[in-house]
Amino acid sequence: MTATATTTKHDFEPKLVAFVCTWCTYAGADLAGTSRMQYPSNVRVVKFPCTGRIDPVFILRAFQKGADGVLVSGCHPGDCHYMAGNFHARRRFAAFRQLLDFVGVDLKRLQFSWVSAAEGGKWVEVVTELTERVREMGPMREFIDLDASEHWSAELADAELKAAYHSL
Amino acid sequence: MSRIGVFVCHCGENISRTVDVEKVAEAARGLLGVAHACDYKYMCSDPGQALLKKAVAEHRLDGVVVAACSPRMHEKTFRKATEQAGLNPFLCEMANIREHCSWVHEDRDEATAKAIDIVHMLVERVKRNRKLQPISVPVTKTSLVIGGGIAGIQAALDIADAGHRVVLVEREPSIGGHMAQLSETFPTLDCSQCIMTPKMVDVANHPNITLHTYSEVEEVDGYIGNFQVKIRKKARSVDMARCTGCGVCMAKCPQKKIPNSFDRDLGMRPAIYVPFPQAVPNVPVIDRVNCTWFKSGKCGVCQKVCGPGAVDYAQQDEFVVEQVGAIVVATGFNLYDISEKPKGSPIKGYGEFGHGKIPDVIDGMTFERLASASGPTGGKILRPSDGREPKQVVFVQCVGSRAREKGISYCSKICCMYTAKHTMLYKHKVHDGQAYVFFMDARTPGKGYDEFWRRSIEQEEAVYIRGMVSRLYQKGDKIVVMGSDIAVGIQVEIEADLVVLATAVQPRQGAELLAQKLGISYDQYNFYSEAHAKLRPVECATAGIYLAGACQGPKDIPDTVSQASAAAAKVMTLFAKDQLEREPIVAKVNERFCVGCFACKKVCAYGAIEEKEIRDRQGNLVKVVAYVNPGVCGGCGTCQATCPSKSVELDGYTDEQILAMIETL
Amino acid sequence: MTQGQQTESTPLVDPACYAAATAAIRAEAVRLLEAGEVTAVVGYRAGRRAGSAMPEVATTAEAAAQLIFTPGCQNNLALFLSKAKREALPKGKVAVVVKGCDLRALAGLIGESQLKRDEVHVIGVACPGVYGAGADLAKPLAAESLARKCRECKVHLPEGTDVVAGTLPPLPDLAPLEAEELARLEAMTPQERWAFWTEQFARCIRCLACRQVCPFCFCTQCLCDRNRPQAVDTSPRPAGNTAWHIVRAMHLAGRCAGCAECERVCPMDIPLNLLNRKMAQELFELYGFETTMQPQEQGALTSYRDGDDQSFIK
Amino acid sequence: MKNTKMTLSARTMNLDFVRKVEKLSGTSVRRCFQCGKCSAGCPMRSFMEHPPNRVVRLLQLGQYERVLAGRSIWYCASCETCSTRCPNKVDLAAIMDALRKCSWDARGPSKESFVQLANRIFIENVRTYGRQYEMRLAAVFNVKSGQFLKDIMLGPSLLAKGKLKMFHQKNRNIHEIEKIFSRIEELRRKGGAL
Amino acid sequence: MTAQKHVLDYSYYPGCSLHASAKEYDESTQGLFKALHIGLTEVPDWLCCGATPAHNVDELLSLSLCAKNLELAKGVEGDLAVACAACFSRLKTTQHKLEIDPEKRRQVEFAIDAPFADGKKVKHLLEILARDFGLERLAEAVKKPLSDLKVACYYGCLLTRPPEVPELDCIEAPTIMEKVIEAAGAQTVSWSHRLECCGANFTLSRPGVVLKLSADILASARDAGADCIMVACPLCHGNLDIRQQEIEEATGEHFGLPVFYMTQLLALAVGVRESKLGLDSMIVNPLPLLKKKGLV
């Protein structure tokens, strides 16, 4: 978090996206700014009214578009400006991360956090930690490779399939 | 093709020290759809804003990105400037390159690269912004107040004094609520009736207040500014217009031995009665369950003696529909009954305290009636069993409250203070009597409260014993109290003449039913929930409905009155304008695609989503879709994230906008 | 039949139980149509291939008398009652034949306001199981030809229906192949799982039969067909396919009735039900939520509790 | 006695005794709300069977026998830590003085005789000599308490250092002292004394 | 008396101990005050203040004895200088109680058969040195600074109490002893048991109590790195010095801390002859320490 942390150059700089709610985490990140705390510049913030608005598709899309890590952050339970948005989000993401895990996405690239408007320090900590972790892991190859790969063109190993193909 | 203008602010040196602002402007210029980009020392200054307005006109811009500080700082400033330049204010977005960039990074290249990315994201976003118009909802400037206790009375008077019409609905035959039952009030020992009855009369005489007593809210429809309320006026059997309140009917009624619940069944009343002499309105009501006429068709004395001919046995329940713009809920509380099984508790009441079967074990409200000058004993403290004056009185606090296994985990808040008051009232009336109080903690946060409690010990010589009572049982004409003094660490036994239990404050029975009618939320105990525990403590999550008093949680009189006035102030704020205006960040439904699964409705914390029928020209039902009431929608967007087909969209945060931002990665 | 004699190829149950169910369905269907209680009965009739069956919307007593119930009755007929498919049926109250798994779908549709309980007469059928993919329909149903979902079915006997056709014969315990497969995948490293699913999804030709057959894919406009904005690539390439299947699994989480029709109809044999089962298992472990044969007011992901797990949130 | 149940009634709570203690000590017993700060700081706490706060609590309940019977009041060192720090300005040190006086006057049934004995000898010394003579004080105490050899090792070294004087100084105010004592006794006989 | 005029003059109430077990306190006080040119005139034929035993069982006796002494002191010019913390506390308390309680005053006046002598200011030696004489003047008078000596200042319980009586210093965090000895060039240590009770009252009846309490105090001073302890009360001194060896034997711990009276150290610093300090009366021999520090 000091000057040395930011001036060190690394071979790989990950791209991070943070989906944050405007009332708590966005404000917490603002506080980190007004307190002149330092953290890696890898993160790009997308502001939402509430974590309840964040669709899992956005996370998927971010990975597909080249994000190496995704952070989702909102108000602590009970602090939601809209009363219950973060509670719904909590369930939605608990399910979604299990799904991603099941299809083989390394969950170390996906971080969830509660950062309140008063927790500038926690924002810095969460972003720094995720950046460093993802930097260590290297680029997220999976979706990039997927995007580059073409449609299935399996060999006709199956005799039945071969016969069917040749009869066309 | 969009024509976006990008304005990069130096913020003095706050941004330009670490971000190469010229480079950011140059990069912005290269973005598709950007028609103009420049940088300036202070965008928020007057010349900075003038620069923006000039550029909008000169370059015919259709969107603006100001790359500067946090939108929480200056979004309003720049949206206003954009509006003055002739664009819809919602076509202006801020790229936060100060708090999120220049202030938190030191490497100039990195910070500049990030700033360019942030600007790019916002440019893509603003290209997809829609023109939004502020939402306005008409407001009916009449308020409904439910409950005629001190909370409802205070709220009604405040709103009525501000010049707005108030409809006050009270379930009982008279307003007054619990406060009318109290003898004296802490911490000043004012006589409750003395300070309460003038307010009750004010309500009755107020030209702006329509009072419906012996009435209940039947149905509530609509939303903030526009509620329709159906009120059931229960048949009183007495014509309010004709009755003069002379009281002859009550005097002549042959049925005189009906326990009066107002006096906690200690006193008796006739079948045609007012609950207490100062009742407002002073119009009796016939208790049809106990009235001989209604039971057997005989008697009819009251009708015969009534000069004005007000007694009307044929009266039916009536329904009144009122249009109101705001609702204040002030339905108060019930006291926990030790013979009852509280909600969610596996245990049936307090067997160890005799299940309410010991006649000289009473609750605090009964003690109030005994101590009240207008009560059944004329203010003398007498035992219910034999009418003797008790010389040893034991008070037990936290009965029901703070008893998790009894299903109530909360503190009832008022018991410590009223028990202290009871010990004083007792000492004032029975000089040679001794009061004992078993307590766990004395919770006296309030102005003059702790001093009051200490006074009961230091001056009125009440003996406070820290420790809960294990058991009570009748022994001869005494009640043996088995307790422990945990400061000494030994058991204590007292043979009491009278035991007074400070029973828990609970929500009104059936509180949840009213909540369901109103569409407001309630907690695990059925207390009504406020929108925010700290910042919106008098508002319900449902817009236009406000809370006052103990229906929200245990409260004493000062807190209740404060909250009632606060609720009234909220109503007045709402009524200050003819139209309710609000930011247009609300959800909208695409009715073409909505399949009416109502997942959105399930997740909406505001109850903003309604079911809307789509009919063809012949009036045949085509389908049922969701409809977002823009007056009620809070704008969180949880509905959109939940909707499988994305048929509901939050203006200002559409999928298109968000995905476009992600696309820039 | 005792446990000891059971092998993968011995007949699972006495075929007479299907005949009994068939008779009961016919009787009920004929009665309903003749009495005019319903305008149609959605059931099964024999297909052209021996042993196969196909959905039938019977509107006359004659047609109703042709209804059957056999191990070939694989289709989930609840599908016909979702709004998207409702046009296939005549107006008015209809009756539908449902197996236990189909009934869960029907209950789900009621819970999601797609139909009202009183609009439908539900004929439950005691179902020992149906054929799986690639089964020889000429042979009686045996463990080897039983659909994978049926091997560990917990809803052989529908509950809460207007009538139940047939009775349930005793059934043997069979190895839960699907659960084993799920456990096998769960035991893999993320990289191995990614490789597994990449291989699976790469085959997908985006025919969308899975969507077509799913009772819960009742949206008139699918998110994944949209191009403005485009959240999921529509072309049948690996990236878009992966996204499609992830989004579909997410949309079905807490809703999927487990009928496994998506997997059955997939021409590329992608084990789609594994995804749905995984989600159901997680929601049960996290929130104790299960899809049931009775409509539920709140879904797993449309409700919450204050104390929900948040150990994954920093 | 210590752990037996308390039965509370107007009869069993000796509030007159409490009032007497309040008068003697000039402090209110009822003010105490049992925060325990006195016991928290009391250097003698570990020697007492009733910690200071409990002494006050028993007084509040009028349980004077329990208080006087114990040795707690005689183990108070009069360091006044309790009075100094009490949030309610309950002068517990003064209450202890008052309780000891009550016990002393009543020749009460306290278990603690050594402290009482030392006090008695001290006061007798003052009465006889006008000043305190440690040598005599110690010697008489040892004889009366039956601990003849107590502190025997200290004696010679103190004597050698000149710290123990063998002989008393003559005090010209000695008759004044006797007068003070006898007047107090007179006052007490009349029943007017504190 | 020397020819030089006194800068200040006081009447003096030494108390019983200073004429017996604490005679070095008396000697060093006399020596110090002489060196500083402060006059001390002992109240003739003063009486015992009654100390703890008197007020323990008979408040009236305690008040009467003190009132008698105050009356005697009236005969000598100057404020009343008191050396012993216990006497000081009793005298001040008596003044306070008789001021606020007319009933007690009436009875005391009857007992001593004289009107109560108001207006005599009772001052502890510390107060005289720190305030009346002044720390600057005290520092100027120092001839042999105690530079290398690390002193644990022990107030004991009674010096600053009770709180109602016009205070000598802050009740809970007094610094007056530290200030005085720092003026003499010494270093002071910060330690935890400055105000704890040594159990003085029980030295005769329950020595076990004293051993326990005093052991804690000694250990705390030692652990804080003190070379020695400085006291301003003969009772404290009695327990910490006279019983130190006994405590070491009982606890098995080694302390070896000389316990000085405040006046002994100050007198040493202002150049009073060593023989006038009563160092030889101390049970824990201070000479090795003082030699090590080059002070004797």
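Per-chain numbering from 1; labels A, B, C, D and E assigned in written order.
Here, contacts are C-beta pairs under 8 Å (C-beta built on N, C-alpha and C of every residue); 3 or more make two chains touch, one makes a residue touch a chain.
Everything numeric in this text was worked out from a predicted model, so none of it was measured.
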Which chains, if any, touch chain A and chain B both?
-> C
Minus chain B, touching groups are A, C | D, E
Select the chain at the greatest separation from chain B, using centres from the mean of Cα atoms.
-> E
Contact-count maximum falls on chain pair D-E
By CA centroid distance, what chain is farthest from chain C?
-> E
Approximate Å spacing (C-alpha centroids) for the pair chain B, chain D = 60
Intercentroid distance (Cα basis), chain C paired with chain A, Å | 33
Per the C-alpha centroid definition, the whole-Å distance linking chain C and chain E comes out as 95
For chain D and chain E, what's the span in angstrom between their mean Cα positions?
-> 23
Residues of chain A engaged with two or more neighbouring chains = 55, 61, 78, 84, 88, 92
Scan chain B for residues touching two or more other chains and write them down.
-> 603, 642, 655, 659
Check each residue of chain D and list the ones that touch at least two other chains.
-> none
Throw together a list of every chain pair that touches.
-> A-B, A-C, B-C, B-D, D-E
Given the complex, residues on chain D that touch chain E span 24, 26, 43-44, 46-47, 75, 77-81, 83-85, 91, 93, 97-98, 100-101, 104, 114-119, 122-123, 125-126, 130-135, 137-138, 141, 145, 150-151, 153-154, 157-158, 161-165, 169, 171-173, 176-177, 179-181, 183-184, 187, 192-194
Of all residues in chain B, which touch chain A in the complex?
-> 70-72, 96, 98-101, 103-107, 110-111, 113-114, 117-118, 121, 531-533, 541, 585, 603, 605-606, 634-638, 640-642, 650, 652-653, 655, 658-659, 661-663, 665
Which residues of chain B touch chain C in the complex?
-> 592-593, 595-599, 602-603, 623-624, 642, 644-647, 654-656, 659-660
Footprint of chain C on chain A - complex, ascending | 55-57, 60-61, 64, 77-78, 84, 87-88, 90-107, 111-114, 126, 142-143, 146-147, 149-152, 154
Can you name the residues of chain A that touch chain B in the complex?
-> 3, 6-7, 15, 17, 22, 26-27, 29-30, 32-34, 36-39, 41, 44-50, 52-55, 58, 61-62, 65-67, 78, 80-85, 88-89, 92, 124
